[in-house]
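Heads up, the thing below is written out as structure tokens.
Chain nomenclature is as follows: A, B, C and D, assigned in order of appearance, with residue numbering initiated at 1 for each chain independently.
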Amino acid sequence: MNERATLASVVEDLVAANRILAGHGVLDGFGHVSARHPDRPDRYLLSRSLAPGLVSADDVMVFDLDSNAVNGDERRPYLERFIHGGIYRQRPDIMAVVHSHSPSVIPFGASSVALRPIYHMASFLGRQAPVFEIRERFGITDMLVREAAQGVALAEVLNEHAVVLMRGHGFCAVGESLAVAVFRAVYTETNAALQQQAIALGGTVTYLDEGEARLSEKTNRGVVARPWELWKARFAGGGGR
Amino acid sequence: MNERATLASVVEDLVAANRILAGHGVLDGFGHVSARHPDRPDRYLLSRSLAPGLVSADDVMVFDLDSNAVNGDERRPYLERFIHGGIYRQRPDIMAVVHSHSPSVIPFGASSVALRPIYHMASFLGRQAPVFEIRERFGITDMLVREAAQGVALAEVLNEHAVVLMRGHGFCAVGESLAVAVFRAVYTETNAALQQQAIALGGTVTYLDEGEARLSEKTNRGVVARPWELWKARFAGGGGR
Amino acid sequence: MNERATLASVVEDLVAANRILAGHGVLDGFGHVSARHPDRPDRYLLSRSLAPGLVSADDVMVFDLDSNAVNGDERRPYLERFIHGGIYRQRPDIMAVVHSHSPSVIPFGASSVALRPIYHMASFLGRQAPVFEIRERFGITDMLVREAAQGVALAEVLNEHAVVLMRGHGFCAVGESLAVAVFRAVYTETNAALQQQAIALGGTVTYLDEGEARLSEKTNRGVVARPWELWKARFAGGGGR
Amino acid sequence: MNERATLASVVEDLVAANRILAGHGVLDGFGHVSARHPDRPDRYLLSRSLAPGLVSADDVMVFDLDSNAVNGDERRPYLERFIHGGIYRQRPDIMAVVHSHSPSVIPFGASSVALRPIYHMASFLGRQAPVFEIRERFGITDMLVREAAQGVALAEVLNEHAVVLMRGHGFCAVGESLAVAVFRAVYTETNAALQQQAIALGGTVTYLDEGEARLSEKTNRGVVARPWELWKARFAGGGGR
């Protein structure tokens, strides 16, 4: 990722992120990925309402942190853009947000069993991922984060974590760049599948210790470009060698 | 989907539905999808006996609600067309029916554990999907719905639900359009896989509350065009971007 | 399948069977499929030692029922050709044999839990598939069926069944045609995966009753051409539409 | 594999091994495979830091057994090259090493349940695969084998085995050729998935006896060229038919 990201390069990466996440099945017809505007921290970039695998640069809209489209853009936005606005407001360090219904993660959002890092690739999970139970503050809903207050509530449960699960719905992964957020979304899915299998073995499971997770997470950030380049080459027609 | 569906547009959608369901593995060499005739509510459209992935417009036959081919069409029909006739007769609101042996759903048809919505994408399941046990009324059979009385019995168990499981056989998903029925068939498969994984975690599982399911289902109907367009583009050579 | 099968048509189908089974992952680098010679019931056709996905007509060798190559063919045969010879000798009704290490089936060969038909597509399993435990008669071996006596012993456990599991090794599926044997091999894999998931749900599981299995099996034989044509079209460059 | 391997042929096989393992998903953006230098037993060949699916001959670097790059090559190496150096030093019989985070294997590294051979394809596992618990000697780390002492410690746990699991991290498979090490890495993944499923069935599981494993392993070495040629043809643009 470019140190001095320009709007054009962020849009290009955002399109790549859509294609990569669709290619992995982390996004299907639903879910979305956004990036904070590189020049305006009070703006974020997100496609119009469209399946992620079909997103191109022309589809990208700009929103303020209340999740209102700016520049008079009247195209149909995602219903759940408030997820992104809520998180960007709460977490100034975050530059990218993925919201996904990735399959293996759904069981952990619905179960009393916590999602924990079973290997170093998912060390960003720390001790465990928090779960946003929308019923607690909003009662019986259609499960969507469809207003600003819900986005803020979700961001509060996310707190300083990298991932927040959403009961009966999906999860969000965040990062200081698109490459980091995409990495976390992909390996949240993988970790969930592997943790489920480990539990099914019936023995005791050793998870990453919090210290191990912290050290590993620091290391992983240094190598995040490697899968990003691979995935761009494979899914986004990128210039990988 | 076109508000004023013409026969040609329904046939085109029906071919797309066959390709999409085959592409997802919801249909393999077996199973089928039908649509009610747009101008004649007492007729329905269904391919001749052919693997769904190979169906073209020329293969579509027209049947009356007793599941007799009309127009003197003597091509070999599916043995189980009575599923479709039975449901269209019982449910005037239904415009499309999918019958599938989709893998993850089979265990729930055979198990005492009910299929329930573990996330909002499967909110059409309501509280839980009913199960058609063919032995109850028909004793020892070859498991197929191969006569009108069996189709009617199946439709009675379906009742007002969106999905009915068939013990030792498969399931049916219905909808007020092909896009809705296909959406439900795909996410029935996904929900089944995820519910199985959630149960295997060994903790307690929170399913969608009936109120949540009802509200979510209403929302989902508003966005069903998004995956439909994606899937047409991917599997049916559609004009998606 | 042709009623009056010629040698050329059987070889063509045998190549297709290799490609179809490789395409489904039922065969990988190992495993093999054979056909009885259409004019000489005391001969069978089997590729030289080669990964099934790479087999062409030129690779097909002819063996007698002692599994000796005839016509002076000195190419390297599969070590386990005795499986085929043993079964063709024991079962005059059988015209095709698949030997596979297909993944989901392996656990049932190693487990005390029997493989049973969870849905009508696998009704050929009858009450349950028998298991060949090579230790019983041959003690500690390399697990392979590498001599005539072992092939005969395997065929005896197969008896009148359609499928026999091999502990710690794989399974065999047989049929009165290549289309039937391939169908059974594919759905043995699927049934195993689904039965495992059904058991993991933790409730009670209702399997096909023996009467249901018998009736369903008869029906399925009437429609076996449908997946065969589909699979030829998809995996073997066949002329399906 | 060539009996008199030349440097050029080993590099060619090493590139193929990278592509094959990436094609199987045994390597993704991470993990790596190396070969001992055919003329210099105190040297090994390993790509620069790059996703395995993108590796070409030009990316191959040469290291000494302390895992220092030779020939003044200053390209960025993998952080965990010490795995390879440690094993080549400890095991003069070993000519190739795979390090992987292959999904189904991770649960066994984290669980108290041992990875054992459930079928003959994984007979190289012997009685069971040992587990390297990095905490035992190195305390709280970032989980990586990033210094020579850690590589030596890992090699000591590997001892005379073909595979060593790494808790919370992955595993290594070794062999007397690239074809053998790749075979073992692929079937370690498969065996892990199948053993997990067998355990989930809830009955008793019969694993390969140590004598069976030893005999089978000897047989398998004789046929390792068959999948290697298949996989080269499929994943590495090789000259298989």
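Assorted remarks:
The rule is short, and it goes like this: contacts are C-beta pairs under 8 Å (C-beta built on N, C-alpha and C of every residue); 3 or more make two chains touch, one makes a residue touch a chain.
Remember, predicted model here, so these are calculated numbers, not experimental data.
Counting hops only between chains that touch, chain A reaches chain C in a minimum of 2.
Both copies, chain C and chain D, contribute mostly unmatched positions to the interface they share, with under half of the numbers common to the two.
Of all chains, the one whose mean C-alpha position sits at the greatest distance from that of chain D is B. Each chain gets one centre point, the mean of its Cα atoms, and the points for chain A and chain B are 32 Å apart.
Our note on geometry: chain B versus chain D, Cα centroid distance of 45 Å, whole angstroms. Residues of chain C in contact with two or more other chains: 200.
Pairs of chains that satisfy the touch definition comprise A-B, A-D, B-C, C-D. Residues 117-121, 123, 190, 193-195, 197-198, 200-209, 211-212, 215-216, 218-219, 223, 226-227, 229-231, 233-234, 240-241 of chain D touch chain C in their complex. Interface residues of chain A, counted against chain B in their complex, comprise 28-30, 49-51, 53-54, 56, 79, 101, 103-104, 106-113, 135, 140-144, 167-170, 196, 199-200.
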